[in-house]
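Here chain A shows up in two complexes: once beside chain B, once beside chain C.
After this line comes the complex of A and B, so read on.
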């Protein structure tokens, strides 16, 4: 089977999936161009890879032909290699035919399938019980006609051809994009170069200053959008403003990267810090509440990062500590709704219906309880490594949740704990102190910001400390670390305890934000979310964690309409990130070097190509040896 | 030096020894507490013997289903050293496919026909479930695991978690959130009554089918060329490939075998629980993993016995310990944690290859 037909078939499978989950019906009249664009992106990816390998097969003359193993593959000499290859005769035409063939394959198949479904639906056969989403609306969106036409079998045959042509056009477009990218030496290196430019100091000065100025410009837009009388996109102003807030915060991270280390970075970070600190005051309740949850997850992500990113212990039950923090605060600050605790406290002579401790008094308590929980859960799993650790911690998380659900006497069961006290400001309500400038959610956001900053500071300092080195040594190889004098038990328990402490802090703030907490708030998905955000952002990199939280907790709020696709998109993102970029969007410096070294070592060999199997065998030996020490002592 | 250490042995207390004995003492304490609890609470409750027997039979049925899923975990772990976290979802998809096949058969009235037709229809339903699972399992291996074969161990695990969520929520999006209910055909909806003990036909069928499938798998592993290739790859992948074993093909076939068993389990679990929905594979998947660990992961007979044991413990545990049945999941997870602490290589050890221990 030719490669292009195969590409078309894969694209067809992918598009069928999108149709099955009901995406066309959601996008209204734009379904066809959107799907064609998605297909075009995929074709572009495939074609680019294909044409790269093809261009590399063309024999080269001179030293430029040899790819140097270096930090930045695809840079400099190699880019010229590709340019040289592309200009040879016949190549552009081949890419074009490949793109068109792939697009036509996918388009024709989609047209046939939609014709079949339109025929079935038109004849009044209900297939709804089998496929929930194959409804006239969906098929109609795919064909660019009205749902009524499908229901009455009135679809003109030309429509099928048009929808097929859309995808063929997408294929041709992708091929053109590939060609345009290939002939331009600066862009030939692709995103690799773009990324290394953006995250490294190798910036042209104008571009650099643009990146540094961007967050402030965006912040100005955010503030402008908040002014009374400004209208943008009708009623959606609030959402648009949230989007700008998220982008402004995210671009701040890139601005920090762009600034040269030293005085400049210090100045930029102080400015960005001030900018972010003024956000809670200018945003409204909705945006503040979203940003609050984003930064609560930043706190959690930073804590989990210590366990997973620094110490290399994959903890899937991290939500347990979050829950411990939240419930600890709830116990001491809610009017005692759980019978056991209220009975205990009335027995001790505390009057009912009065919070025991305020937010600040409860802070150390929540931290200590969570740290204690971390140690308690850490001791049994000291001997476990890798996968086993992940599953056992997952089990712990579930056990804690089941206990919260079923220990009705202590936790009030599924009815939850209600009316948790709000954090105060020196005994006063924050709204009163700030003169109405700070809403209750803004106050939570501010607290989350300050706590995240504190946690990030501690985490960064810890990473540079002796303990941090011990964690990294342990992550690399436990046996070697122990042999070089790292006390494994102490180091592991400290990682669990510190990570848990931060989760406890986040949990306490979360309880204060939610006011009422229920066991369902602490499901496995909190762990998965926290893990996903540190993986997407970049394991081991605090900036990456903030970016991950903004992308994974903030963006879905903007995209409220497609909320049901959120988890699927996450999950797909998780798999794709693992395959394409396991170090994350903003990887930590150490991982960046490692990834670069690996890439230079392995070259650009397609992982699934059969001819690389012998090479893989060598690598597999490494995996086997890993398995040897992986399971159990 | 050596003489001194032998003479001083009774007094020598290094940290490792203390730790070992502390862990052992802790283990025995837990065992004693559980036994005491069983004797004073569970047995004192005074359930009739028939209650225990029917509970135990229930547990065996569930254990049979867990065993089929656990075998998938063990097979994949034995060869790739990775936990196929999405295996429970592979099972769930078998159950969903089986549901639609069942609906198709019911719409045509095959379920009310003569017994031969019903049996053939049921067999085909199971085969369809198995085929769907195999398709998903192989796709999963190709897309989510194969590109990561030489990555560090955490990477495929995270990818597997992503795949698991992806499958769950894709099923949610495509087939809706409401559970799909399996309607049993007349023929197998009754049961056998032996004194006070009631044995439903479905339970008996599920148990014997799983035993049959397990025997078939054991035969494949021990007696066929493919089985020998699988064992060789599990033992040492590089050497196996030098001996002419197509390692990639063996890995794909392993996924196919494991997924087929999971698909059968999914259909049978559908009949047992009467419903399937998007997340109905998750907890059974975790339980099956527990069973695989209980028997020693990578050990095929171990997974079977571990699963049967887990099924029994889950069915009898809550009544024996005198705690509400909502805690049966807690019992399973606690068991997993305890096994990993006290006997990390499982009850039967890892026999597929010693070097993994």
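After this line comes the complex of A and C, so read on.
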């Protein structure tokens, strides 16, 4: 119990700090989702600690037979923990007395102290100047009451307590649901070891269906929030809806993972695909525009993943290809914005006041120019690796941006290329075709979705191909790869070219989305964002990249109300992410192995294992009689 | 079938190979022994093209039943390997199993073996070679879909040899196959080397474990600070008091 109270006090101090800095007041209507998120993080963290201590306490004998005998990668003590299972009888009781109890203690403390604060301040006692941010509006928002409601109707102090209790209860229920959904083995292993499990179900059958159903439930909420007349206790409905859209999309990926491979996964993926495809039609301009940029970054992330994740070439100048794609489309779509091109066209007698090529005609052109740019960058850096490669590519990205800025004749310099045409649908405006169902931003979102899917398909196929194996071999050891017959120059240039092609596609769509593009759209930070999202999501894993883009490009839009705290909160989130899941949210199978091996320190393998193996082989001469746990150390 | 004529290799300014001349005949196991830093691995890396030879020539005889003990100095005895990039040398059937195993840890066992056959396009041949390698190393079959990095040291060595065999090499360059392995496993690895040779693959074996290497080899060369100081029949070398003192620790 003292430990629980300690946790409660920490949570209380943390949330008090949020009041002190005046966060709820600044966030206004966004306080509720923001704090719900903070609370969820807290409860999750608490549970994680509990399940860890539990797994250490599990005795080795007893229920070990219940564990699924899947192939597990743990070494030494970890592997033993995974085979041990928590006895079912003790489970709910233990959670109530440990994990959730701490949460409840924290929630109650917050509620009582906040209520006192609110009561005092509500009666006009001003504690200036340090605590000037502790105003009823802030405190109320912290407890899930809409600031608007406080300002207008003067909610009685008791209301704070009640909503705080709701808040606490919700957290406990969520925590229980998560725990109940997990299999005993997964629970015993604890979340930190989920990533090291290459196979084996992490959810019970009931929990699995819960995970599969979740995205559809969330999609229903998204649609419901869009209905006219729905209000969210005076909160900013549009932002909440965006948050739900982001979570629904992300949970869809987890649902895909939870579905068993085969017919079930096929069915689930078709359903999720349909659900995602209907999103552009039901969202409004704002959410569509955010989702559009999210998926444009998914396209970039998938392309960069080929260069960085598959081929292991750290490219910090990836924005260059994005810019090349965007400007290529800009030139052919709005030739009148470029003094040089319009002059050239007039000289040839071609009218320069309308697009030369439509979106679809320009598509191969943007791809080819970007791929050409990729090869252009690739050739000089062929012999560079690691840090040196990063610096040179960084320079390349800046060079392209400076070109765009200073080649005023061609690119119109900082004034940018204006009035780029929207993508058409069989030569018609998409709004007209869909009968008003699809907004212009929805159309961009839809295109980004379809392109992302196409790129993801290509990326996944590449990963399993001969070329994909060559990339990974090259990444691990260039000399050995070369000695097995890999043509290093060709393989590297192919990685650069294919990655650049995808960035070019993304750039073209970006140009069409922005209508007007300027050199400052293509700063270094685009490269860094793209790199950060694949690192956060999990290098090498397409699903992880989608999650990374949702978190890195989507969440900041939800947090926009926090203005100057946004970057700080976001950075903190990234740091926590990297500590908790160093291999990314959804690491690829290959990386998962690496993370697990690092954790277990399994660089070198004990020779005893080899001896047992020799003896074993001499005994049963390859009859395959030794079981799963054979000679693995 | 493989001829080195006074090959010189440098690491920057360091003169690592100072005119190595050696011959490997078809069907032989030839071993290259020597102490640390003698240039054994450098020799193999120069043959496979990972390192460039600054002077001298390396020839690979094309003919499948090339003359036994053919003299080194008769004109152009084959393809000049030292002028080719590493990936093309690999395509000519010179396959290296590198020191310290160096399997691709993140690729599965199956993918590692597929990497061995990277330069080949005959699907049927690859399939039958895969079956052959798995027959040779039944242990790998059990671990086909496991990442290479999760194998034990001995299994990794088997995978490294298996990967080299997947290219259906005319000559296999084995670099320290016994390094870091338990004695029992070393015995088994050498048994397998003999078996691979018996099935018709020529082997150039680099070893620290001179005793074991000379026992399986037909002929041997002793390398000392970048020069061949002694060569001859493996049995002869085993009996040589100089070799015994310097490398066999007797």
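Brief remarks on what is shown
The criterion applied here is as follows: the second predicted complex is superposed on the first by the 380 of 633 C-alpha atoms of A that agree within 3 Å, B and C clash if a C-alpha of one lies under 4 Å from a C-alpha of the other, contacts with A are read in each partner's own complex, and residues count from 1 in each chain.
Assume contacts are C-beta pairs under 8 Å (C-beta built on N, C-alpha and C of every residue); 3 or more make two chains touch, one makes a residue touch a chain.
These numbers come from a predicted model, not from an experiment.
When the two complexes are overlaid on their common chain A, residue A:466 makes contact with chain C while staying clear of chain B.
In the superposed model, A:361 makes contact with neither chain B nor chain C. By the document's definition of touching, of the two partners only chain B reaches A:388; chain C does not. After overlaying the two complexes on the shared chain, residue contacts for A:220 are found with neither chain B nor chain C. Judged by the number of chain A residues each one touches, B leads among chain B and chain C. Using the contact criterion defined above for the overlaid structures, shared-chain residue A:403 touches chain B, although it does not reach chain C. Using the contact criterion defined above for the overlaid structures, shared-chain residue A:380 touches chain B, although it does not reach chain C. Overlap of the chain B and chain C interfaces on chain A: residues 607-608, 610, 613, 617, 622, 624, 630-633. Across the complex, chain A meets chain C through its residues 71, 73, 466, 469-470, 472-473, 475-477, 479-488, 590-591, 593-594, 597, 602, 604-605, 607-611, 613-615, 617, 622, 624, 630-633.
Partner chain A is touched in their complex by these residues of chain C: 45, 48-50, 85-87, 89-91, 95-96, 98, 102, 104-107, 111, 114-116, 118-119, 138-139, 142, 146-147, 149-155, 163, 167, 181-182, 184-185, 188. Residues 81-83, 100, 103, 142-144, 146-159, 161-166, 169-170, 173-176, 236-238, 241, 247-248, 286, 289-290, 293, 297, 324, 326-327, 329-330, 333-334, 336-337, 340-341, 344-345, 350, 355-357 of chain B touch chain A in their complex.
Partner chain B is touched in their complex by these residues of chain A: 17, 20-22, 129-133, 312, 314, 316, 380-381, 383-384, 386-388, 390-392, 394-396, 398-399, 402-403, 405-406, 528, 531-532, 535, 564-565, 567-568, 570-575, 578-579, 582, 607-608, 610, 613, 616-624, 626-628, 630-633.
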